[in-house]
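The same subunit A turns up in both complexes below, where it pairs with subunit B and then with subunit C.
Right, the complex of A and B next:
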């Protein structure tokens, strides 16, 4: 059975498969069986993942299985809640059912972060020009996702908003183009330049504030199998009103920061170390600080031009 | 869509390398999901091979990478425990996964482990805790409260779990096999008396027969069957490692150490799922029903069977008045 884009299936079939846990999402290096129980997350999935390859039926093997379900029978009827269940008893906090898309996205992140050992995973956004990648390392409040979404408008393709997925044999990054998660003020910023229909509706009052998702584009998904060799890594810092600034940092420090952001580096062990060293060899790393999206784009574009093309 | 009934017995055959993988894609998918849900992919990966480049290969390779970390971690931590106790006159006995890995048993290959279990004589408990403390093992945060600390020390068969302050690994220090309040009281001193040194090490393990008996006690005398497939495969491998003579005298030894009931139940399970017709296998009908339902894992009654097994595990662990008091405390803490 071959996978087809989700939107090519009859809507009713896709919904039935999602609800019975017989839909497998084939995205990048991972196949994930997804089971959803509420209408809102189903609608979100059908919309945001419309261009993604999926299989329906009980024949496909999957790396991960994710269920988004009520935490117990009681919570199905009284103040309906949902919780992402990646299948290994992870103690995720229940969310009101109105936030089920967040539970779904968190669950997909947990699946990769805690169950993938074939690739070294680092917490970062990745965009690429052809087969040359830029890593945007995660720092709380740094604006990783906003910058990722802004770079998509500049013609970069999205590999992932959440994970740098490192192939340890080839020292290249693998694509996993899922919706880009936007928080608070950045939601309207991205709606502004990407267009309203590219961003999901906003979930208000979540534990992380307001959240909305910018969908990956068809081109991102069509080219996801093309690995990219990382050339530059930036550690972004958004500071209100700051003048743009950029400072090169040592690759050893870069390695330490990436390792600290990795959920599976320790488990993989020595191969993760050698893979990371091979990846960093010849790369340039910078801390960049900025007060606006325009400034961040200008900084990145300067760095990229001086090192890559 | 209704799922087809799964043939769990056939699944156990495949998972222990006694049968090949299913031919049809849907049967293969059903088997792999079962292995994933049951947390035994590592064990499966140890006996099954797949074509390079296939999805199955990826899945098994991923499981192999994970379980090889568990083995490295366990081997390293075992070494640290030895070091921590060096110079003291304490010879800990490795239990369960730690022992299987140290002895390179089939039961240890591919097994997911999260903690290390050791058994020391009760009179050495204080000293052991002190020495492990000096080596960095502190009371685990979730049970560091006064009530839990006191509860463990007063009623349980082990110290409150200790977590290493930098490596975050967990160690359970046992001084007997089941809680002091348990309904069955296996004679741990008899098992300890027959323990032996691991070749080339100064750590000890139970004899092969006692290893099986202890596993049966742990699973049938104490457990709530959270991962039945994993437990049953463990018992299968431990039993397979016994010689003919050891199997002959198994029931005798079980009676001698006061573990007749759980061993009979374990032998019943081996007959039920692995076609091993051992003498003495026997289990009450309700337990059989619960285990069959939970192991099958499908249908509306799983919830009930799990609930019954959960109640049973508490019934086995402590007398009712103590249980009532304990649950009361726990309920208060939640409010």
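Right, the complex of A and C next:
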């Protein structure tokens, strides 16, 4: 069965497939069977994943299977709640149905983080110029997603907002261009430069505050199969009012931080170790601190020019 | 790893088949195939690993010979430091006790 962009299907067929669990999302290296039970997550999926390749039907194979469903029958009717169900036991707190897009995105993250063993996964955003990648390593509140979204506006292609997916044979990074998760103040910042149409409705009052998603662009989807060789890694830190600052950090420390951020490094073991060491060979790593998006872009641009261009 | 205090007469060795090594700058990364754990060693710990690789020694011999191996005066490599260094490698399972 050949995958086609979601928007090429009749909307009614896509909705029926999402509700019956017969839609398979083909994104990057993974295929995921998705089943959704409520209107809001269905509308979110149809909008944010419109350019993504999907197949409809029972016979498509998939790597993962994700259901967003009520935690029990009672919660289907009274104070409607949902949980992401990636097919294995996971202690996910039920969310109000109004936050079902968050449950969907959490579920997709869980599927890759805890069920993928072909690739080493590190918690980081990745953007690329051609086949040269920049890793934006996560630190809580550091501004990873805001910087990722800002770099997209500068012409970088999105490989992933959430995971650096390391091909262990080639030491290259694979694309998994899903919506970029924005939190709190960064939502309006990204709406400002990307445009309102590119950002989803805001979900208020989630466990992480307000959340909205910046959609991947068609070009990101079309080029997702092009792997990228990582050249520079940055550890961003947004500090209100801070002057821009950049400091090179030791690759040994970088390795340990990446290992600590990985959900599957210990499981994969030796191949993950060898792949990570090969990936780091020749890379440069920096901590960058900034107080504005403009400053972060200038810092990254300078680093990139000095090492890659 | 020994459960109690090490005896100076026990014989220890490092088996290079049990781990793989990568160097990044002055730091050595060691992946233990036995534990699946990644370790970060400085130059001195790496030297201790090399000192014992494929060459069984008692702890007494390690303490007595490590300074010469590093080519430094004995006072710059006190026995307490050597024993602590050895214990750290023992704790993470990078050195193995063998029968003499």
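Definition applied: the second predicted complex is superposed on the first by the 309 of 309 C-alpha atoms of A that agree within 3 Å, B and C clash if a C-alpha of one lies under 4 Å from a C-alpha of the other, contacts with A are read in each partner's own complex, and residues count from 1 in each chain.
We take it that a residue touches a chain if its C-beta (ideal position, glycine included) is under 8 Å from a C-beta of that chain, and two chains touch if they have at least 3 such contacts.
Note that the coordinates shown come from a computational prediction; the quantities given were computed from them, not determined experimentally.
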| item | value |
| --- | --- |
| First, second, both or neither for A:5, with subunit B first and subunit C second | neither |
| Which of subunit B and subunit C A:117 touches, first, second, both or neither | first |
| First (subunit B), second (subunit C), both or neither touched by A:280 | second |
| Contacts of A:259 with subunit B and subunit C, given as first, second, both or neither | second |
| Which partner reaches more residues of subunit A (counting touched residues only), subunit B or subunit C | B |
| Which superposed partner A:251 touches (first subunit B, second subunit C, both, neither) | second |
| Partner chain(s) touched by A:270 [first = subunit B, second = subunit C, both, neither] | second |
| Contact residues common to both interfaces of subunit A (with subunit B and with subunit C) | 266, 269 |
| Interface residues, subunit A side, partner subunit B - complex | 1, 16, 20, 22, 29, 31, 33, 57-63, 65, 87-88, 115-118, 266-269 |
| Contacting residues of subunit B [partner subunit A, same complex] | 1, 3, 25-26, 28-30, 32-33, 36-37, 39, 55-56, 58-59, 61-62, 65-66, 69, 72 |
| In the complex with subunit A, residue positions of subunit C that touch it | 20, 22, 24-25, 27, 29, 31, 33, 36-38, 40 |
| Sites on subunit A touched by subunit C in the complex | 250-252, 255-256, 259, 265-266, 269-270, 273-274, 277, 280 |
